[in-house]
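Have a look at these structures, which come just after this line.
Each of the next two complexes has chain A plus one more chain, namely chain B in the first and chain C in the second.
So, the complex of A and B:
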């Protein structure tokens, strides 16, 4: 349908998908020397270590996430509410920061080995290996599964546990035959998120020298200056992500997993005796290692270095982070609101799929987007210079590049919150306003905008949190000498100044904790 | 003629509306009656401008608002729409809801206040200005949503299933109130409904829609007593046929002896005030199935007689 609203969405979609298209386009063509060399030597290592990491982290997060969700949903014990809340907290600590902290704790001159030597053990355990990465990524990423699966468990529990028990099933049978199968979409969906994060992870894999595709893409591009090979690797990473997406889609299939309503108060089984202590122990592990130890480490060194590091430079970096995250979160939410409103008032087939297309950037590894955007802006700059419109780089290295990268990467978050917000507002309100004399634009401002205020604010907070933690894109695309909390943490860590990262890491975590707490408490998980 | 529909057609995957022609005079209350899926809501949405017909034309006050070339936006049609769930703006007070459509006219504040007061009086909700929609009952919300529509002084009011979410016990009362408000305002109104009793009670005319076609359009009594087809006849109430001739219950007199036709009782269902009798009427040695309401004790007989009056 032709209208004045849709073209905006179409153009935005094309612009946002352009970097990804450029990467694919660039990857195909004649093979360069390095590409042949790559295939003969390290390609298999990149792919295999990515696959190993994906499977191992996937398996471990699955066990930990589903296990914690199960214990906290179906059993009752003292302090359960505290555990429910605390189990989500590792989410506030970015994976790379957790990685830096444990590399320090297990460093040769540090806590762990000092302790070993004090009791007479002289051996050195090097933790910079893939096994550590698996454990740390599990600790950092299991909350995805925990939060999503727990929400699904709670829903099916209140709707179906009582009816199923009344039909004579045991609790165990009901769980394995009804609740677990019903939660399959939640489990597979959250697992897909974990897998995508794993493929995309840059900070920790690079630091621990685990040669997965993402660091390889960056190294090939920036270290070897071989764009062909870099895009080739990027396409391999994209294919992996696409396989995950297809599996997730296919898994959902046509079966309906929609559960509504509640059937009676559900009595949770009270944990007693050894079971209680084993549960306490198991539930405490991820909280201690995923949150408390990192937090203590950060607090101690923040305190130690506070006087030295909290200066104008720190405040500038803090300001940069706030500014770039707030601005991009605002821009994304405004754009998403327009796109969502367009598909609301013109629910054509294309408009319904446009949200999905715009979300593709979120599933793609950050490295793919980074090199896609570099290619796009280099081409534009080249054209501008060739046509004497400008004499120096216009877009490359500008703040706009970074903003655009955040838009491509995080548009999905905006679209999702906006769409679920719109779903709760009847389209009749829009029609009522129009039949009372207002056009689409004024209706949007007078009806939808005020009613969507909370959804938009929620989306803004989520986006702010995502951008402030974001590392690889920021690192590669930020303007020259422009530091954010994430990039400064990265640079200090790579300069072996781990303790100095504490104050920056603390800032990120505090900023992330506020919205995280809102989400956990507001959603009553 | 306030509204004139000519040859309206609309299809999605299959035809929803076929060659709809409809004329409505000023001040009339018209019901569009049909089962779910008959296309009645689509027709209402097309009149309001929320959906677009594939072909045909639509005129209001002799002005074309839709045809091959033109398609006026809903906001430019001056048609009021009362939604099934009232669609009051939840973030605005009753007063602001009513004023919503008035904002664009450049009348002063005092004048606007007066309008709100007038309308609240009309719908009998004076003193509700500062309340929010969620603080009102369903019936109150409906009256406010009508007040909101009346504030813009529309040429035509459309009401989509206005009684569908109303409690059965309150329905008659709310029907009466709503009708009174519309009559008082001297407006033309189109109701969409699936309930023939409701349609007959409130409308000057009924357009009976089935499978996207208007099967019959006319006054309630005419449709009831002179239905154009057996389908129409059965939809409006108990319809008994001898050949093509339809007999309503009021045309049938039951007699223990001495009637025109002999009747054989087949089944009797107790319905409280009456027994519903399923019988066979014997006319010229042919048997015709009839349904009769027995307020006496005919259900105890195995055979009795009926007399029929012609209209």
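So, the complex of A and C:
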């Protein structure tokens, strides 16, 4: 179908996929010897650990994320607003930092052990294992599902709960038979984000020595000096995720999840008795372990080390983090909106799957993407220099490179929030507008944009929080003397100066809190 | 609200959006650009000192060595980097092999850096040393019973050895040194022996190995010396306590011993350096007594400059015989070492 909208999506997709294509192309012609060596020795361990981690973290985040979203959407109890807010907070703490903190608290000869000894318990246990990684990654990643699914629940609740209840359905039935299936795009989409991030996580898996494919990629690349085989492994991981995404999209097929109707206020069921206390208990667990304990740790050490680390550069670092995250989140959400709108008005086969293609950057470890980005910009730079347009590297090692890298990396989050937003708005509204004489562009601005406002704001904030924590890309692609909170945190932790990282981790949390409180106080979720 | 509406929001947004397209830095001629893996407080002190004494501005990107080397490689002749500064000799030799560095002549460097700590052709120079030593729990190990790395494969250390995973470059270089001295076959037997004596699956950092040791897990750990220094000087009460419970042992001493394995951090001038003279000046500065003192006092590393004494703390651990093998030889065996680790299941 020829139209003026689709080419924009195609060009954008090509640009965003270019670095990935360059990297994949790099993988062809892998030295089979290295691959045979890996197959004979450690490959099975890599693959099985990856699968175990993905299934365990996926399952746990799903239960925790959907469970907390359900309780806070359909029930009422004291302090509910506090819980709604606090449940999102673990997202502000980078996964690897949470991993370091827990090993600092519970590791051998650390706080918890010394405490046990002081009360006469000599027993020791090792926390640096895969079970801890599952728990920590669950705590760090469930907010993806909680936030996205809750936003979806909120929308279907007001539209559907009242009519369904008035027709005599029980709350449970309405939830399981209507609202849960309707939230499928949101649930699957957010789960996909969790899975992708689990596969590409490097910091904590390395430290806890859980051999997933990502550390394997690094081992092959840097240890065996075979970047081709390493990329080959990265492609395996990417293909695994891609298959899941496509199967899901295909299964969802043409099912419709649109809702219109009265947005009447729904009376939430008041929780009482033992149910109330069980709920308090369950809701508190992720907040305590995913946020409060790390926060206490961070605050204590921030206080202890603040004077040492807060210098004239600190504000610059703060500014860098804020600006780069906000800018890339804004650009991504605008582009994702265009792409989403295009596939909405021209739902061709290509357009329906284009979002998945644009998500590919999230399935590969950041360090591998970084190589693709470097290759891309160096080639452009070389062309510019050869044609006497510039005399030295113009794009390579510039802030623009970094910005582009964030876009490639995090487009998945933009696509996911935009898609699940669009799923809920009937295309009939669009048709009606056009039948009244507005063209596609005007309709987009006058109809879809206002209806999508909350979804977009929400996506922006998720993106902002994800970007501000981003590490591998920032570390290797950044310009000279360019520091962000994440790079500072990581480099100090990596030099095993863990306590010194606290002040930077605290800054990440505080900055993330600002946008987070905006969506929550404005009741956008 | 009225004030708010007066702010030209749209133009402000446009400026912010377009800002990244404007190149930030002017072309500063008197500068030196460094890609470094090292992220220690000592280095920031040294960058400042160098600028102060020479007037040359130091620009830095800190990132993981392997990745930043890939960036250097891709940038090719257009790279802005003048210096590659990294830890581990395996990486330095790899950088030379990949054609990322150029040879330099410096009478000063050649006179103060012992020949085993630098590339024979001048592609890279060691600037600090660190020894990979055996540390033990003073409560349950008598240091007299310790002798060599090889002896750790003995039955009596069953469930007794703590060390990092095989992705640690320091373990890789240690194994590479054993390959260089004794051949791959012996080295594999050694790795196998150590693995079967593991106190636990290798996890965490060198510091974590010592914490586990202090907690009574295992008998000995294989760690780098400067991490011991960091523990001793830590602000944390528990880390200090850990440091008090462990002793340092330099293995493979004596007349027939080959000496304790040492590794270096080192620097080389990149092949396409635009500020070659400044780069050489910078490396010479790192090797100067002034800088070497900072390395040893702030980061507890051994000076590579043979005329500079280690810090008091390092001296208190005693003198020891170093493995004097030309370090560049270890680089050759790095890949083989990783393969052996994979084969014996030292994860």
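Operating definition for what follows: the second predicted complex is superposed on the first by the 343 of 525 C-alpha atoms of A that agree within 3 Å, B and C clash if a C-alpha of one lies under 4 Å from a C-alpha of the other, contacts with A are read in each partner's own complex, and residues count from 1 in each chain.
Note that in this section a contact is a pair of C-beta atoms (placed from the backbone, for glycine too) under 8 Å apart; a residue touches a chain by one contact, two chains touch by 3 or more.
Fair warning: this is a prediction, and the values are worked out from it, not measured in the lab.
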item: First (chain B), second (chain C), both or neither touched by A:151; value: neither
item: Winner by number of chain A residues touched, once chain B and chain C are compared; value: C
item: Partner chain in contact with A:211 - chain B first, chain C second, else both or neither; value: second
item: Touching partner for A:224 - first (chain B), second (chain C), both, neither; value: second
item: Touching partner for A:398 - first (chain B), second (chain C), both, neither; value: second
item: A:428 touches, of chain B and chain C: first, second, both or neither?; value: first
item: Partner chain in contact with A:382 - chain B first, chain C second, else both or neither; value: second
item: Overlapping contact positions on chain A, where the chain C interface meets the chain B interface; value: none
item: Contact set on chain C toward chain A in their complex; value: 16-17, 20-21, 23-25, 33, 39-41, 59-64, 66-68, 70-71, 74-76, 78-80, 94, 165-167, 172, 200-208, 211-212, 214-217, 227, 230, 235-236, 238, 241-242, 334-335, 338-339, 342-343, 345, 347
item: Touch list for chain A against partner chain B, complex; value: 426, 428-429, 431-439, 446-447, 450-451
item: Partner chain C, residues of chain A touching it in the complex; value: 37-38, 41-42, 45, 103, 107-111, 113-114, 124, 126, 128-129, 206-209, 211, 215, 218-219, 221-225, 227, 304-305, 323, 327, 330-331, 367, 370-371, 374-375, 378, 381-382, 385, 392-394, 396-400, 403, 472, 475-482, 487, 491-492, 494-497, 499
item: Chain B residues within the chain A interface of the complex; value: 48-50, 73-75, 77, 79-81, 83-85, 87-91, 100-101, 104, 145, 148-149, 152
